[in-house]
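Structures given as structure tokens follow.
Shared between the two complexes below is chain A, which pairs with chain B and chain C, respectively.
Showing the complex of A and B:
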């Protein structure tokens, strides 16, 4: 029963998260363009803002239609979990709907249809409210997830139900703010790469050159800042939280099979060998992990050998790879974006074809990094839905058979393949038409 | 506090059916009556400009239901697993039909998405009616067979149908002849509502024709309503007890009948909004009457072993409900406020609107 439910949730949420990770970051870049236009009155900034709002709108529609199933799947596939924890996560999820989703969808429509009617200042304001709505959405979703990672403000009744005991604790959760900031900066990385990549494409195609340069410049500047922020302080802060609140998950994601007598090494490369409980082909740097986590070269970090099997994440290799892919890609992003920023400063970037090609083709990788980042959080929490308190096995719908779940999973796969195809065609068409294209 | 949240959620849900209902209805009318390309285009636009801001009401209702009545949310969503997932797919299909139709300008492309929009609107209306029918009929809570429960008392699972298609079977499916009748009522109601919306928002060439169609559909609706009341008494003998015990609840059915009566005068109204308000009244009256008939139950049990789900046995702790009422009221005020801004910005007929891009 459990397997298909998990697969369906993983598949639908992975597909869904392709879209919000772009819209959250992109809304900030759109606000920036619109603000530049208000300040300088140069038309190209306004066209840039409206062009990216078109891309935003396609992504938003996809986000809505794939997001509604997410909300409902809590009830359909995870009925027991919903029943037991609805009193708490229902709060944050309902707030997401009421405060952010409404805000975002209403003002997106106003931004797209109301420019002439409202004048430029109000138009800027609607853009800003779209940004606010999309970030608030991220905030409430992260608050929900933070509660599952590190439950606070609850009370467990005799019948096993979690009920809310302190509302404000949900938002003072020490897990929330670092996770939220990390997530938002990560979405800014994706959007910066998308903006820069479209810019590089226009320059290489020798089309819309003026916009190509603007997009590339903006994408690189946002990209270099966000790629650095993703590691420090937000990534660092999160890793320390995992080490503090989920030490078993920390050991697994870092690939520490054995506890060392002094400081722990940091693993760069290696494949978890679950039979012999070691890493094959390991390349590691001694003591660095202890320093990064505790600012103490010799501080001991517990390895997986110090935890009981049932405390450890259920899929250690997947968790380990997800984490190392995320970190590895993050490092690549800093490298490429810093290089691009350097040549931008030297005024050579627009002529540097190899770098432009690299930036253009790099665009899928921030998506992969974002999604693997979420896998780290979710796989690390296993075997629990609510960390240490409610097991994943206890959360599924008691009456829905696996045959039915497989049926709906297959349906979602087919439908989302179609959606993905349409999405690519539409985004491709919008990019092809370019920022100066007037009509619908 | 339970009653407060019950009313709030009911209002949000009814708002969803009135608001998104018109674009479902527009889809149904589009499927059967729009023949010319200009009509098709303007009808899809009359739905396409509004569907997403209407569907957020569904998201809000879902979220609040989850928070305030988690046991009900869990029981109903897993119990009606298959129809619910199918509804989700249809919602996706409908949305992509609306959004993608205008993206390429050749007929075959438009025809595909027109059909996708029309058929999924029709099926969604049917499924929403069937859902209401299931709640009116009650379900076999706990999955009772031969006097013993298969699941915990508040869980159940319904197949899409069983071989008899009878609501009187021990384990009726989601689709049986009773729920089909309610489904048809929903389809007709939303078709009328959608036709009113098209009359209100467009200058489509079929407007006069639509008025006669509304009249005919309304006659059918009245007959089906009376028929469904009779069979409802057979399917669920206690169905109308609440109206006898608490006579003031009669106000909801009266609103429903007022709506139907008003719609018979569709050709006489001077203002196009009047007819739209009457069909809104039908939706309001229909749903509120159904809810009132079973209050405080929200999902009646069809067996004698497990009790019905009520707003009291499916809710959460008082603290959670009361803290949520603070942000809930603020949220609702904001939602209504956004809605008004939006509708004002896009007032008037679609054909005369300047899309501004």
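Showing the complex of A and C:
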């Protein structure tokens, strides 16, 4: 039963997260375009801001639609979890809906329809408030997840229910800020690639060339900065948090089966062999992991052999691969974006067709990196829903049958395929119409 | 759990309702992109606001089986939500732009 519930949640949330990860980063790029227009009065920046706000609106709408099953699932599949922790996670989730979602959706409508009525400065402000709403939304969701990863400020009643003892602790959670920053910069990476790839597409098609160059340049500049920030300081800070608060998950994601007497090596390539408890075909660099984690080449890091079986994540290979895919892709992004930035500086980028094709076709990969990043967080926390306090098996609804879950999962797959198709048609149509197209 | 599926189907019907507007009146319609977005919000708005009268997905599945009558009402209201949302949003957009024109030239 638990397997199907987890599978359904994993499927629906993975599909859902395709959309918010773009809107959060894109809102910042839209604010940048609008600010550039206010500063320079060059009309193309304003067209660019409005064009990407259309793409933002499509993604935002899809995010709303795919978010609805999440809300239902808390009550259907995970009723026990909601019953036990509702008075804590209900706070942040309600704040997400009441403050950020309404802020984002109200000002999104004003941005799209109110330019003439409000004038340019107020129009910029509405764009900024959309950005603020989307980032606040991320903050509240991350605050919820941070509490599940590292519970703080709670009390457990005799009936097993969790209640909030200290409200401010929820937002001072040491897990929260590093995770939030890492997540937001990761969405900026996705958005940068989307903006750059639309630019590359226009240049390769010799269509909307002026905008193609603007989008490519903006995407590359945002891309190179965010790709570096995703590794340092945000990724580094996040990994140190995992090492400190979830050492068993850290050992599993790094593939450390045996504790070494001195410093730990960093594994670049290798396949977890769960029978012999080792990595096959390993390529590793000695002592580097200890240095990166503790700034000490010889500091010992606990391997999986030092933890009890029930303390270890339930699916070690999935966790290990998800982490290494995320890190590997992050490295590729730095390489590609740095190369593109170099050729942009040398004024050769717009003519370099192989690089333009590469940037265009790399678009799915930041999405994959973002999603595998979330898999690392969620698989690393297993077998718990609330780390060390509530097991996943204890949070599932006892009355929902696996047949019921499987049937609705199949329904979701069919409906989401339809929704995905509609999304591609709408985004494709918007890109095809280009930034100068007017709808009203 | 089927109620979650019904909620999603309901939104699709709202999108269809919104996109039908362009076949009836081009004046009160955006393009496919705008209509679809308006359809989603119109459908959710009406179902969330009035569904508690007895036709929201939870009520439809209350007996454990799909109540076809309530399901039909839900679909109709959702369709209506999408359809009306496009017209209302378009009217709002007209109004906002005409307010600005009046401000620029109060004698027109």
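Keep this in mind: the second predicted complex is superposed on the first by the 439 of 440 C-alpha atoms of A that agree within 3 Å, B and C clash if a C-alpha of one lies under 4 Å from a C-alpha of the other, contacts with A are read in each partner's own complex, and residues count from 1 in each chain.
Simple rule for what comes next: contacts are C-beta pairs under 8 Å (C-beta built on N, C-alpha and C of every residue); 3 or more make two chains touch, one makes a residue touch a chain.
Treat the numbers as computed from the prediction; the structure is a model and nothing was measured.
Participant: Would you mind checking whether chain B and chain C clash or fit side by side on chain A after the superposition?
Facilitator: clash
Participant: Given the touch rule stated above, what does A:77 touch, chain B (first), chain C (second), both, or neither?
Facilitator: After superposition on chain A, A:77 lies in contact with both partners, chain B and chain C.
Participant: Once the structures are superposed on A, label A:160 by its partner contacts, choosing first (chain B), second (chain C), both or neither.
Facilitator: A:160 sits against neither chain B nor chain C.
Participant: Contacts for A:69 in the overlay, against chain B (first) and chain C (second): which applies, first, second, both or neither?
Facilitator: both
Participant: Please work out whether A:428 is in contact with chain B alone, chain C alone, both, or neither, and reply first, second, both or neither.
Facilitator: Neither partner.
Participant: So, A:114: does it touch chain B (first), chain C (second), both, or neither?
Facilitator: After superposition on chain A, A:114 lies in contact with both partners, chain B and chain C.
Participant: Taking the superposition on A as described, I'd like to know which of chain B and chain C A:415 touches: first, second, both or neither.
Facilitator: Both partners, chain B and chain C.
Participant: Decide which partner touches more residues of chain A, taking chain B and chain C as the two options.
Facilitator: Counting residues of chain A touched by each partner, the higher count goes to B.
Participant: Tell me which partner A:398 touches in the superposition: chain B (first), chain C (second), both or neither.
Facilitator: In the superposition, A:398 touches chain B alone.
Participant: Across the two complexes, find the residues of chain A that touch chain B and also touch chain C.
Facilitator: In the superposed arrangement, which is not itself an observed complex, chain A uses residues 61, 64-65, 68-69, 72, 76-77, 105, 109, 113-114, 116-117, 400, 404, 407-408, 411-412, 415, 419, 422, 426, 429, 439-440 for both chain B and chain C.
Participant: Over in the complex, which chain B residues touch chain A? Could you list them?
Facilitator: Contact set of chain B toward chain A: 49, 52-53, 55-56, 58-60, 62-64, 66-71, 73-79, 81-82, 84-85, 88-89, 91-93, 95-96, 99-100, 102-103, 143, 151-152, 155-157, 316-317, 319-320, 323-324, 327-328, 331-332, 334-335, 338-339, 341-342, 345-346, 354-357.
Participant: If you look only at chain A, which of its residues touch chain B in the complex?
Facilitator: 50, 61, 64-69, 71-72, 74-77, 79-80, 82-91, 93-99, 101-103, 105-107, 109-110, 112-117, 155, 157, 161, 163-165, 167, 397-401, 404, 407-408, 411-412, 415, 419, 422, 426, 429, 438-440
Participant: Which positions of chain A touch chain C when the two form their complex?
Facilitator: 54, 57-58, 61, 64-65, 68-69, 72-73, 76-77, 105, 109, 113-114, 116-117, 400, 404-405, 407-408, 411-412, 415, 418-419, 422, 425-426, 429-430, 439-440
Participant: Report the residues of chain C in contact with chain A in the complex, numbered from low to high.
Facilitator: Residues 1-5, 7-9, 11-12, 15, 30-34, 36-37, 40-41, 44, 89-90, 92-93, 96-97, 99-100.
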